[in-house]
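You will see two complexes here that share chain A, one where it goes with chain B and one where it goes with chain C.
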Partner chain A sequence: MRVLPLLLCAAYAAASAADAAPGPGVGPHESFAEDLLVKPLPDGRVLLHFEFAFRRNHTQHHYHLFPRQLGEIALRYGVDELHLAFTQGNWREARWGHPPSASQGVGADVRARIAGTGEHASRQWRGLTNALSGVFCASLNFIDESNTALPQMAFAEHAHSRAPALRQGYLPRENVCTENLTPWIKQLPCQSRSGLAALLNPYRLYNMHFHSMGMSLEAGASHAGERSEQAALRYTQYLSVVLDPRTMGLGSRWSLSELVGMPLAPACPVADKSTVRILAPPEIDLGVEPLPAEQSKHLGMDMYTFDLKLPDTAASDIELVFAAPQHSESAAGATQLPAVAVHRHVTGHGGSSGGVEATIVNRDSRDINITYFDSLPWYLRVYSHTLEIHTYAAGSDDDTVRSGQATRLHPTKMVYVPAIDRGRPSAMEVALTLPRHSHTVLRYSFDKGFLKYTEHPPDANRGFNIRPAIVSYAVDSTLDPGPLYCTSTSGRSSSGACIARVYSELFLANLATPDFSMPYNVITFTCTILALFFGRIFNLLTRDFAILDVEAEGSKRTKTE
Partner chain B sequence: MALVLSGQGEKASPVLQFARKYCAHIGYFLGLLGFLWLLVLPTQSLSRRTYLSENAMMPGQVDVGFGSSKHLDAMQSVEHHGQDMQKVFGQLGLDSEVQRIDGGGINVHGVLRAPRSDAVEALVVAAAWDTRNGTNTDAVRLLAGLAQYTAEQVYWAKDIIFLVTDSGERGVEAWLRAYHGEGGVLRERSGLIQAALALEMPLAGAYTGLALHFEGRSGQLPNLDFLNIVKHVARQEKLPVYYHGLPDMPGRAPGVEQYLRSARLLLSQVRAQAVGSSVGVHAPFLHYGIDALTVVGLQAGGGRARDLVAVGRTVEGTLRSLNNLLERFHQSFFFYLLSGNGGFSKSGLFISIGNYVPAAVLLAAALMFHAMDLWWRQGPDVTRAESPKDRITRINTYHGFLRSTLPGSIALMVRVHVLGALLFAIPFVVPKVVVSDSTTTGYMFTMFVASVTLMLHLSDSMWNPKVASDWRQLKALVAVYVAWVVALLAVMNFSLALAMFAVVGLPLMLTRAADEQTRWTRGCTLLMLAAFSPMVVLTAIRYLVGSEAVGGSSSLFKTFLSDYSLFGSPVYPLVCLVYWPVNVLCMVIALMP
Partner chain C sequence: MSADTVETVDHDGDKRNPKKLSKQELANALAETLSRRSSSKHDTPDEPPASVARISEGSRLLRILLLGFALRLAVLTFASDFVARNLSMRVELSTPVTSYKRLVEGLYLASHGISPFDGGLFHQSPILLALFKVPYAWLPQLFSDAMYAGTDVATAMVLALIAAKKATLPAFAARPLVPGESRFRCLPSTVALLYLFNPLTLATCLARSSIMFSHLATVSALYFGIGGHIGYASVFAAVATHLSLYPVMLIAPISLMAAERNTPSAAAGQNQTTSRATGIALTLAKFAAAFASLHLLFAAVYGSEYFTATLDFTLRVSDLQPNVGLFWYFFIEIFDEFRPFFIAVFQLTALAFTVPISWRFRKDPLFGSVMLIGVISALKSYPAWGDLSLFLGLIPLYEELIKYMQYTFLSANLILFGVGLAPVFWYLWIEQGSGNANFFYAATLVYVFGQISLLFDLGSAMLRRELDIDYPEARERTVIQE
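Then we have the complex of A and B:
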C-alpha cells in the first residue's frame, strides 16, 4: 500500500519539473500562448480582449495541451474549419472602432467546413452542433437545416479550391451566461487557476456593454521554421468584453486587477508566451505604471507589452493613468473608424408583410468591394425581385435623397438561394462596389408566413429574432490599420489581405400570433353556428318548391310552375 | 323562387308566420332595448375594476431614482422653447438625429442604446413643443431630465427613444413613417417600438393629478394594461390619475351625480373614439400598432400639488415597468370603455367589450327586423286567397313585381353611391382648393345643393307611371345595408358604430315609419332628414358645440379630410360613402309615391 503515495510523489516531481522548463517540456508538436489586450475606448469604456492560442501538429494523436474534447469532435465529424462565437450586446463601431473579433453578431454563431457532400455532410453538421451543444452548455442543438445557410461568397477567402462548403448556423436568441463561460474556461490547460484566465471573473465580465466569447479551429499553414509539408492545427479561444470603469467607481487611475476584481496571477506554467498588452489610441492620453521593458507601435497606437513569464512583472499590478479626465459620453467616436459599417432595419408594420432596409456606409476615400450576406428564415418570404440598391454621397441630407440624387447600383455578382418552407432559409449574397464616401441602401420586401400552432416558440408574442446581415470586405492595410484580429495570424487569408467582417443588428419579426387559449373557443363556437344555421340555409337554398293543384288532389298530382 | 315564396308567406313555418306578424314590433323592441342598454352602461352595473393582466410588468416594485441634482441640471439645459435638442441629446450621450418634415417643421430624436441587449425592441418617450393649450416646454425639459437619468442606468433591456417634435401629430406621423421605412430618411434607428408615452405638461410647475388620453385617430386603443401601469405608478407618487382628465367627486357622491359623471366620461370617450382623439401626440403611434398614450399634467381640482419631479418619477416607474415587457402587450383588453376613475385607488372601472357591444348589435338587429318587415310587406297588397288558382296568379304577379322593381332599386342605390365616391374623390383631385378653410363652407354648400337636386330628380323619376318602384323595397334594402355597416363597425369601433346609427340608422327608421303619408308628414320627414344631413350636422356641431370639442380645427369637414389623408381615419370615407348617400336615399324614399 506504500506504492500509491510514492507514485503520487513521483508524478508531482515530474510535473514540477515540467513547470520549471515549460516550452520544450510539452514537446514540439503542441504550443500554447496567452495574451490579454487592454484598449481604453474613446468614450471612457475599456475593451479587454483575451486570446488563448494553441498550435498542434496534425499528425499526432496524443493530446497534451490541446483540448482533447474538441480535437476528437473535429476528427469525428470531419471538420476542416470551425468557428463558434457567443455574443451579447451590440458592438458600437461608431464609438469604439473596429470590433476585436471577426464574429460580433448578437447570439450564437457557428460556422464550419465539413468534409463530404450532401446528406452525409448534413448529418455530420447536425452531429457537430449537437456535440458542441454538449461541450459549451448552449442550445446549439437547435441548429438544423432550417437555420443553416451555406454562404458561397461571404466567407470564401479562407477556402482553397477544393474546400468543402461552409455552413453557418445562427441562433439569434441565444443568451450568454456563466454556464457557457465555465466549459469555455475548462478547455484551457491551466483553467482559471493561473495565467490570464484567472482574471476571468464572471461578476465583472457580465456587468458589461459588449461581450463576445468564442473559439476557432482551423488547419493553418505551418510556420516557416517547421517542416512545411506538415499541416498544423490552430485553435484559438478568445473572449472580448467592454467594461465601463466609471460604473465600478474607478476614476482616472485604476489598475487592471481593480477593473476585473481579481489579482494578476503568474503566467500559466505551460504557456510558451504570456503577455498583457496595453494599447493606447492616440486620442487618449494614457500613462502606464510600471513601464514595461517593451514599448512599440501597433496599428498606429502606442503599445505597452508586459511579459508575465518574467518573474518581476508577474508579481506586480498594472496601473493605467489617464491624464485627461475620463472622456464623457459626449466625446466623439474613435478617430479611426472602420471603413465600412452596416445597419439593418425592418420596415413596414402589421402582421402581413414587411421589408428589410440595410444601409452600408463607406467612409473610405476609395471604392470598396464588399459582399453583403443576409439570410432570412423561411417564414419571411422574400421577394427577390423587389431588391433595390441605391447609393448616394455621404453628407447629403434628406432633400438630395428625395430629389433623386441617389443612383442605382448594380451588383457585380449576386447569389440568391430561395427558402424552402420548414426546410432551409433564404440566402442572399450581393457583391457590390461601394463608391467612396457613400451610403448605399439595399431594400427588399417580404411577406410574413403563417406558422402552425405548434411552431411558435415560447413567448410567441415577442416575435422572432432575425439573424444579422454580414458585410465582408478586404481591409487595405496601407490606409486602415484594420481590426485587431487581422494582426493575429488567424485573420489573414491565404492571399495575405485581411478580410474584415461587419455584422448588422438583429431585427424582430412580428408574425401574426394566435391567441393560444382561443382555438377551443373558436372550435366550439364555429361548430355551434354551423349546426344551427347550416342545415336551415342549405335546405332553403336547395329545396325546389312546387305548388300543389288542390282540385286534382286525391285522383292525381300535377306539378305546376 | 324561395325568395318569392317566403315573401308571399307560402310554406312558412309557424315561427316564421309569427315573425311576419310581429316583425315590426320586434324591430322597435330591439331598438328600444339597445337604447336602454346604452343608458345602463353608466350605472356601473356592467363595469369591473381594472386589474393588471400581465404579471410580469410588476409596476411600482422598484426604487425610483429620478430627481437627483444631475437630472435637474439636465432639465435646466433646456432653456427656451424650440431649442436645439440635438445638442442636448448629444451631451447626454444619445445617438441623435434631426429629421426635416415635408411641409416644414423638424423632429429631433435621441436613442439611448441599451447596454448588452440585443436592441431589437424600443420604447418611445415623446413630447411636442406646442400643444393645444400652449407651450409644452416643461414636458421637453422633463424629457431631457429623463434622458439623463436613463443614460446612467444599465438595466435597460430595450432601447429608449426620446422624440421631440415641433409639428405635433403631423411631425410624429412623419417620424413614424420614416422609422418604418415608408418615406423619408432616418438613420439613427432602433428596433421594433413596443410602447410610446407622450408627455404634455402645462407651464405650472405644480400638478394636482394626471390626465390620460389614449384614443387613436381611428378609435384604436392601447392595451388596458398600459393604462393600469401608469395609474398604479402615479398613485405611488401621490398623483391621482383621471381618464380624460375628468376628476371624481370628492367624497361619496349621490347616485345621480355618479351616474352623470360616469356618463360624461363615457361620452367623452365615445366622442374621441368616433371622430379621433385630438389630445396628445400619441395617436399616430396607435396607427402603427404601437400601444401609446398621452399623460397630461392637471392643475385644476383639489388635492396636494406635486412638482415636475414627481411626474418624472411616474414616467420613470412606467418605463421600468415597460422594460419588463417580455412580449408585446397582448394579455389585457384592447377593447374597453372606462366608466370611472375608481377614486384614488390603484384601479379604475372599465366595461369590457362583451358588456357594451350588445348595445350596438341590438341596434343593428332592430334595423334588420325593420328591413325584414318592409320586405314582407312590399309589392301589391292582395288578400290571401284560398283558391289555388288565385294563389298561383298571386305568386306570379309578385314574381313579376320583384323582377321589374329590384334592378331599379339596386341601380338607384348604386347611382347614389357612385356620386358619393365622386364626392370622396374630389378633394384629392383638386386638393389645395378644397382643403383651405374658406372654401370648405362653399364646398359643403355645393354638396347640399347637389344632394337636394339629386334627390328631387330621382324622386321625380319615381312618379313616372312607367317606372315600377316601391318605397318599401328600397327602404328595406337600404336598412339591410345600414345594419350591415353598423354591425361591421361595432366590431372595430363601437363608438363610430353608435355615431353611425345615430345619424344614419335612426333617421332611416323614422322615414315613413307610418305607412300612410300625408303632405304634412312628408314635409316633416324631409325637414328631419335635412336636419340629419351631413352638411347640417357638421355645421351644427361646429357652431353649437364648438369644433374644439370634437375635431380641433375650425372646420370639421376639413379635420376629417386631413385625418383621413394623414392618419387613415375612417370618418371621411364613411361620411362620403355611407352617410351622405343614405341620407339622400332617405329623402328619395320620403318623396316616392
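Then we have the complex of A and C:
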C-alpha cells in the first residue's frame, strides 16, 4: 500500500503551519479515543488494558494529535504497516483466557511492511529499526538481517495482493522498563497530565505478572465499504498489564486509583472518547460502585462503561467489590479458554545438538486450520528433514496429558527458508489442520553452532533467548467470542474473520562457549604448531643428508647425488 | 650385491616402461610380490610355484575386501541406533563439509525445490547430491549404506592396486635396494587390510562421512597417475578437488608422474626437459579443463552460489564447529581485524608446500603425493579422523621406510593420545560441562603435532634411505644433515 507515504509526505509539508498555530481544529478528520479496560481474571489478578486510538483521514494534512515523530519515521522509511510490542512475562492463557493484544511474546517484536524490494527495502528496514530504537529508547537497533524473518503465511491476513513482504524482527532478550514507557507516553496528546495516561504509574506497572506495551500503525479503509480514497490512517498505542491486587494489600473491595496508585484524572480534553470499561466474567461475582449509566453485555460478560467526558464520573473514583473472597488458583479453569494454545520446549542436552518440541492444543470441537511459524537464529542449525508432526487425541482438559494413538499429520502447506550464517534466521511455516480435541506435536532437531568469542553476549553461559513460535488461526466468532482485540475494528482482516495469534514461550539455547580469557594463549599455541610444521617441512626440503668424513681432520665432505 | 638386487635388475629388464598394465599383468605383479615376499622370508632358492601364490594373494585380497564390506554393512544395518547415537554426529568424524546429516538435509531441500546451497547448512559437493538423489528418494537405506561401504572397500582395493603397481614402476624397480633389504614385504592385500580395518577408517565409514568419496577419487587419481593414464588421473583429481578442495594439491605430483611417463629413457638431455615440461603442462591443462567443465556444469544446475557454499566455504572457514584441526579454536578466539590475514596464512601454510614437496620428491611422485596427503590431513580447514586414515593407509606402501623412521614411538603415541583424548574431552566439555573448550583444543594440538611429527619422520626416512641406496657405505659412517 503506497498511500501512506504520500499521505505523510503531504502531512509533513503542512506540519510546520499546524504547529505554529495549533487551533482547536480537531475536526472530523482527526480523532483520538482513549479507553481503559479492567478485567478481573479468574485467579484473582486484574488485567488493565489501555488503548489510545488515533484515526485520521488523509485529507487533513497536519500533525495535530497524531504523533509527529512516528509519522515522519513512517514517511521516511516507506512504511505501509508497522507493529511494535515490548512484552515481559508470559501470558498464561490456560488461566487468563485470550490475550488482550495480538503480540504477547516476551521481548521486543517489530513487524513492518516496507515498500520496495531487495536491498533497498532491507536498508529502509534497518533505518526504521534504528529510528524506532531512538524513539522508544530500546535496543531495536540490534535488529538486522540476521534476526529478521520474512514470514509468508503467518501474517498474511492484512496483506492484499500487491502488499510488500512483511518483515519481523525480534529481540527476545529485550527488557521493558520505564525508560521505554516515558517515550511511549510522550506520543500521547495529553501525555500523562490528564486522561487515562495519568494512571500509568511505573511503580505499579512494572510490579506485574504480564506487561505488554505496543503500538501499531496501519493505513487502510477505516470502515468496511468506505471508498479507498477516503482511506484513513490508524494508529493505536496500547498497554496491557496484569496486576495482583493482593500483593498491594487490596482485599475484596478496592478502587481503581488504589490499584494503580494514582488518582483518576479528568479526560484528556482533545479526546473524542474517554472511557473506562469494567468487564466482569460470569464466574466472578463483581459489584461496581458507583454504577455507571451504561451497562451492556460484551462477549458474554457484563460490561460497565464509564464515560470520563461526563463531569460527574470524572471527579469520582470507581470501586470494585468482589462478593466472594478472592479466588484461588484452582478456580482458573472456569474461564473460557482460547481454542488453540501452543507450548514449545527445547529438547536434548549438551552443547552440540538439540531439538524443538512444540505442542499445539486444539480445545475446540471443530477442526481448526492453523499456521505454525517458528524462526530460529542461524546458530541453531535446523534440520528440516527431521520435522515430524504427530497428533494425539486429547484425553482430558489437561494440556499435558496425551492419550490415544499418535497419528502422523501432514502439513497442508509448508514454507521453509534455511538460515544463512550471520545472514538470516531460518523460518519454518507449517499450515496444519488440527483435528478436534487434539494435541499436535511438532518435533525437529538442530545442531548448535559455535560462535566467535565476540559474538557471545555478556554472561555467555546463560545462553541465548530464542524467540517464540507463533500460531495463527482464524477465530470463528459464532462459537468462540475470540480475543478482545477482535472486537475492535483494527483486528479484523479484510475478509472479516479475526485472526488470533498465540505466542509460545521463549526457550533458552545454551551454546558451548570458548574460554574467553584464552585468545592470546590460543594464538600462541596454534601458531607454535604451525611454525613447527613449517620449520620441519622446510628442514626436510632444504637440508640433505651427507656423510661425515672424519678422516679429513673433522672437515665435512658432502656427497650429493 | 645380494641376490635380491640381481633379481631386481632382471625384473627391470622385463618391464622398464610399462605404459599400460593389463589385468593379466597386474595379477602377475601381485603374484610376483608374493613370491618375493616368500623368498625374502625363507631366504631359500626354492620358491613355491607362482600359480599357487597368485591364487592365494588374489583370494586373500578378495576375502579382506568382502569381509570389510560385510562388516560395514552389517554394523550400518543392524546397529544403526548405536551408529546414530555414538558416531554420526561426532565432530571428530563428521565436519560441516562431510556430515551425513547435512547431506540428507541438502537432499531433502533439493527434493523440495529449495536450493540446498542457499543456506548455511549444506556445504558438500553437487556430485554427492547427484549420487544420492535416487537412493534418497526411492531406494531403501540399505542401498546408500552399501554405497558408503562399497566406496570404502573400493578405496582399499585401489590402494592394493597401487601397491601392486608400485612394484613395476621404474622409480622403484630401477632403484637398487639398500643391501640386505628385500623389495617388498607388505603385500597389496595387507595394504588393503591395514586401510580397511583401521579403526579410524571404520569409524569414518560408519559415520557415513562423505570424505570417503573424496578418498576414492584421490587414490584413483594416484592409481591412474602412476599407471600413466594422465587423462583419467586429471579427471579424478578434479572430482576429488570438487569434493574436498585440498586434493587440488595432488595435481603437482600427478603432473610429475606424467612428466616421467612422457620421458623416453633414452632421450637426450634437451629433449628430455622439453618433453617433461610438455607432460606437466598437458596434465595441468587436462586438470583445469576437467575442473572447469565440472564447475560450469554445477553452476548451470545450481547457480554460482554452489561455489560459495562449497569450495569457497572451505577456504573461508565460516562454520567454526570444532574438529580435530587447528582452525576452529583459533578462529573462534582471533580478533576480528586479523581474521582475513590469518585465514590466508593458515590456508597458504598448507597449500604453499604443494610444489616444493612435489619437487623435493620428484624421483618418486607417488611419495610426494603421500606427503601431500599427510599435509592435507594435518592442516586442512575441516579435518577429521578420516583424513588421517587415508594418510595412514598410504604409509604401508612405503613399508621399506618404516625402519628408517626415528620417531615412530613418539608419533604413534601423540596420535593415539590425540585420538583417545578427543572424545573424552569432548564429553567433558559439551555433555558434562565440567571441562571447557581448552581441553578439547589440547587434544587436537597433540593430534596435529603427532601428524606433523609422523610426516617429518616419513620424509626424512625417505631421504636417508636414498642416501643409503646411493652410498651403501653410508650405513657404516656418521651421517649428518646439512
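Brief remarks follow.
The rule is short, and it goes like this: the second predicted complex is superposed on the first by the 474 of 561 C-alpha atoms of A that agree within 3 Å, B and C clash if a C-alpha of one lies under 4 Å from a C-alpha of the other, contacts with A are read in each partner's own complex, and residues count from 1 in each chain.
Here is the rule we use: contacts are C-beta pairs under 8 Å (C-beta built on N, C-alpha and C of every residue); 3 or more make two chains touch, one makes a residue touch a chain.
In this text, all values refer to a predicted model and were calculated from it rather than measured experimentally.
Once the two complexes are laid over each other on the shared chain, residue contacts for A:92 go to chain B alone; chain C is not touched. Of the two partner chains placed by superposition, chain B and chain C are both touched by A:541. By the touch criterion stated above, A:513 is placed in contact with chain B and with chain C alike. Looking at the shared chain after the overlay, A:460 reaches chain B, while chain C stays out of its contact range.
In the superposition on chain A, contact is made by A:350 with both chain B and chain C.
Look at A:300: by the touch rule set out above, it reaches neither chain B nor chain C.
Touch criterion met: A:419 reaches chain C, while chain B stays clear of it. Contacts of A:263 after superposition: neither chain B nor chain C is touched.
Contacts of A:211 after superposition: chain B is touched, whereas chain C is not reached.
Once the two complexes are overlaid on chain A, the chain A residues touched by chain B in the first and by chain C in the second are 349-350, 513, 515, 540-541, 543-545, 547-550, 561. On the side of chain C, the complex with chain A involves touching residues 89, 91, 101, 104-105, 107-109, 112, 114, 116, 118-121, 318-322, 326, 328-336, 345-346, 349, 353, 356-357, 360, 375, 378-379, 429-431, 433, 436-438, 441, 445, 448-449, 452-453, 455-456, 459-460, 463-464, 466-467, 470-471, 473-474, 477-482. Residues 1-2, 5, 10-11, 90-93, 95, 99-100, 113, 115-121, 151, 154, 180-182, 184-185, 187, 189, 191-192, 288-289, 326-328, 330, 388, 391-392, 395-396 of chain B touch chain A in their complex. Here chain A touches chain B in the complex through residues 43, 88-90, 92, 94, 106-107, 172-173, 207-211, 247, 328-330, 343, 345-350, 355, 357, 359, 397-399, 401-402, 443, 459-463, 465, 505-508, 510, 513, 515, 540-541, 543-545, 547-551, 560-561, going by the rule given at the top.
On the side of chain A, the complex with chain C involves touching residues 349-353, 378, 381-385, 416-423, 426, 447, 449-454, 512-515, 518-519, 522-523, 525-526, 529-530, 532-534, 536-537, 539-541, 543-550, 556, 558-559, 561.
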